[in-house]
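Okay, handing you the structure first.
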């Protein structure tokens, strides 16, 4: 027997002034299943809540309608109130007679009639409500950080400092990422590795942090609090437990002239190598594609011979390690655009046309030129350098509409570094707009212009071509409205920041969404900027969108805070109003699957009686760890086998019927 | 236990004098006047449009009482069959409202709404429903004024059409 | 009884007169399809078309009709029965339709319970039959012992004569009253039929009977009931059901299928109880609360329909519930043919006979 | 039969969402309908498929005494294929019978026209049957004949048989009289405007690709309806929906309707009441059309089976036209691996909201 109680709130005079609350209660008494109706001055106040609890006991109510303010105000309050009185919290509905009635309709009879209708709708709905239980999901209190750049390092440190175990999976030999490649940072001109290296050492030594370098994510299963991740630990040929990082091997390796990706291929490394001298872990790996041992059937073995601790093991193989994590922080960073669509700039054609990252290596004291700026073609010191901003960014026609955000500032920094290192060199910057939104950024830019005499030219570069021993940069100065040609020894393109080439594939593995540029999508652009759509997966750094170091670090700490917040709970409470499948009706067409933003719908094989036979068939199932209760699946489902608890077809139709009466 | 006396008392202090005086008087359906009033059902997503309607309320903006809101979590939850049902049960006009495209609380729900109702809206017209009887709107949580304007304009359009007979199945 | 001759224009005027005083149902053409349905003007009546798809039964047994009205809002619930109102005329009923009325009468009017709705409609319906203008290959009325000119059961019978006029035969007192009334109104083109018209009508009837004769050789009811008696668990039904798509065409187009469902519709405290056509071919037909269904698959459902037409009804009322109109034959989307079922049953009966005798 | 039309081996593949197959195996060709070798080759093909164990069942047609109405038949052994037939009266779209084989252990062959084949593909795309479970024996269809049109052409005489030529048909009556009428005068309505008579996906194909008949009549009718006033459209559909007897044949034959518990059969929620009034007829008709929109293959089987002549294609094709114009998606059933455009989106989608 359904026994519904209706409680009409006066809200002082907020409701009562324009709605005849007594009349609303009286009309409610005639509705089906309603056995009790009353009014009170403030239902949300303690005495009001007590009144509801008392009525539940006295009249054996098993469903409640509160006619009051918007459910956005006090739905939770009243759910708790009825729960304390022994009624399932989802057997309570709010009729919004304040925001939708008393405050917007001044005519009392009119407001009263509408309030009665809204109450009738809530009564009709609550009569079809069923008790719902929030699920409790256990949490594995271990975090996975994908990517060991500054974002990953920061997130890992913050989580580990809160007392939880963290695993960093880094594709390269060492953590450090892009920041390790940079020379100085804007706007302070701090040395990048000077501020990064201590943090790398911290993660390397932290008892709660495990670094899986030279490793990649193979697959991710499970859901928030309970991910099962398979990590591919690529074969390094070096036993990390034995290696001391003495460097004998890489110093003696006969294969020396392999392009160093850390140095943007501007320098060399041997076949057994660490990315850079401060590498963490300080354990080399063998590049099997170029190592003589692997290329010539076990010949060479120099490293094995020179290793004092016998750490070389050529027989090591890739290992797949399965581990459980409660949360994942994606911090996979960025790469710079190849700019193949811009042949007119000559990147890849003329050696002296480079990207900003190349320039960083050329200006860095740890780089191939030991900090002396030399142009790649002939090692000459450049006397004129042209910096081209928005190289590949903000160009919808060629596929990238977004701003890469950091280029204005790092190009200003690079121009300053150029002028500091080669005072007689000229620095020209072609730009569309200069964007210096950041603390002390505008001042930094002004210093570049005024103190360092960097020449800013507003306009796009149309063409770069060689002439004698230098390059000519042709473009248009749109401020002066005339074409310009600048002679340059080097051209530095501020190439667009884009996600790693395999970002989309990785997102699919992890089960998060990404935008058309393959940046990972945040759950809400304003209010949930470090969460992904998938519960338990968080975002930090440039994999979510272009950003500079301070922003990256802030986002990494925010993501860490979200992880820690999750881990601080005994168990995760899932929403109760989630989708569920009527398996008897589901035909397994999976039209529900593509519309789910949370990838919460998966196939499931069931056994069913068909006459005397038992048959097996595949139906949809909802992972309550992932579902957020939006209900898109319920509408995509043609037969209504997919239902959204709390907002079922029956409930909504009952409301529609009631408001139409 | 949350003590809400202060919030409630604060709400009470907003007197009638503070209520805005603009807006059409909300004449309800058959509110004792005997004149016909259109019945309008508005399906609103919880996060944007419903919040927009709430904002209209907290700003005390007046709109016709003909609008009756049915709350759904997301506009993507609105099954076109609900629209048909509303017309069957006597609605003279039906509104669907959700977050602006790109702002969906669930990221993509309203993109499906947009596709679905692009088709359904054309089809309802095709089978002979007057185009002014069904409309869709993107109303954000901050657009209380847009909710009010939409409610007023839609009500007036439907009022000028008179009672809907298409699909009506009342006693 | 009396024989009249009425021109096309005369019949047109008669229908126009009728429209003012009764609900007129007649064959109409809609989108190339002939249906029996209410007409608002005499121009809609199409007597020369093929056998209408929607059968005559809807006049006395509508697709849905209200039985009760209720108001549960007050202290004491109010309930009132709803009676069908007004007079009806159904024009152009084919002999198979007349046969069907006779079957329906037995169901709704015989025995302890007389269906009040049906009774009221039947009593207030004037039936004007039409001799079939032609006989389709799907027609097999002859198998059931009547033919396309058999007007029994009608109040009046029209026969289209070669010149375009109609021969109008009065078959009942009520029919006579109607003709008298029309004559009083002075319908131009309504005259006494002379001997020539009478013989032309008889010739036309003989012609269509000859056309119907063609089916007699192919379809017979001989041994059908007996054959089916022993076929209930035959694998044949599963084979037939394999093809059946479980739609309601055969039952809803059948002039004698008369199953209905009783439903309620509530709008707040007010409500109505109504009945509407239902069909044993639908999976919901025998579905019980709790989900059990004694006829779980198409096999049981299709078998039920065919037995009802060709066996069950015979055991209860001594005659077939199939009248051989051929609608189900013609319109089945997958060409399931009740005549083949009859042949199968007859063959079974013969085989049984042989084995018993042998 | 010739080596050339032996079936290819079953395609490997898992029918799960992410791995919907899009690649198609090459098809083999057999003689065209109208070729004297055709029927023999078709029977041989079906027989050997069964005999060699490539399929365990074949869904096709069988001859009946009424030559205008062959019946759907299910062949389980090579011996049964002797009366398998395919002629211009195989109107029934048999793809829907595949649903009865959802849990059948074995492969099923289906003999399909262009329109039927789209239905098969749609069932595959709707994950009702895996591609590798179906042997698609396709026929490039020259157009099907409406038995009612033939009978009406023959008048009172009963039709004994019909001999079809490329442009005309000869109707032979039981009395032995013969008459010749243009083919187009007896083709079914749907065939008169069929643009896709060839199976888009098949393992074996009989005949060379047919051009189809490029008639815009249906779309012209739709355009005419669109130009009408709302009140005129209301009257138009009221007139048609009034006749609906709710037999559900349109739904039951539809290759896009594969639910086992249709919304119209549900009691809770009570979507559709039994009462036959315009409101319920509208609910039924609109909901049916909207449910299949984006998945309707345009086979017009619903239109064909509707006993009361409701122009269902004017609804289905209107929805298809809008879906195609708005979302630029291929005709459902013409490509493997394509899901309904209504479960997809694009940031640049047209917006009818304000």
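Chains here go by letter, A, B, C and D, matching the order in which they are written, and residues are numbered from 1 within each.
Methods note: contacts are C-beta pairs under 8 Å (C-beta built on N, C-alpha and C of every residue); 3 or more make two chains touch, one makes a residue touch a chain.
Values in this document were obtained by computation on a predicted structure and should not be read as measured data.
Interface comparison, B-D against B-C: more C-beta pairs in contact at B-D.
Centroids built from CA atoms put chain D at 42 Å from chain B.
One finds 49 Å separating the Cα centroids of chain B and chain C. In whole angstrom, the spacing between the mean C-alpha positions of chain A and chain B is 35.
For this pair, chain C with chain D, the centres built from the Cα atoms lie 32 Å apart. Each of residues 595, 636, 649, 653, 661 in chain A touches at least two other chains. Across the assembly, chain B contributes 85, 89, 108, 112, 116, 169 as residues in contact with two or more other chains.
Residue positions 265, 267 of chain C each touch two or more of the other chains.
Taken as a contact graph, with one node per protein chain and an edge wherever two chains touch, the assembly is complete, since every chain touches every other chain. Of all residues in chain A, only 11-14, 17, 42, 44-46, 49, 69-72, 74, 77, 80, 96, 98-101, 103-107, 109-111, 113-114, 117-118, 121, 513, 521, 523-525, 533, 577, 595, 597, 628-632, 634-636, 644, 647, 649, 652-653, 655-657, 659-661 touch chain B in the complex they form. On the chain D side of its complex with chain A, the touching residues are 16-17, 102-103, 126-128, 257-263, 266, 268-271, 291, 339-340, 342-344, 347. In the complex of the two chains, the chain D residues touching chain C come out as 64, 66, 69-74, 92, 96-97, 100, 148, 151, 155-156, 158-159, 174, 239-240, 242-243, 245-249, 252-253, 265, 267, 273-277, 301, 304-305, 307-311. The residues of chain B lying in touch with chain C in their complex are 89, 169-171. Interface residues of chain A, counted against chain D in their complex, comprise 516, 584-585, 587-591, 593-595, 603, 610, 615-618, 636, 638-641, 648-650, 653.
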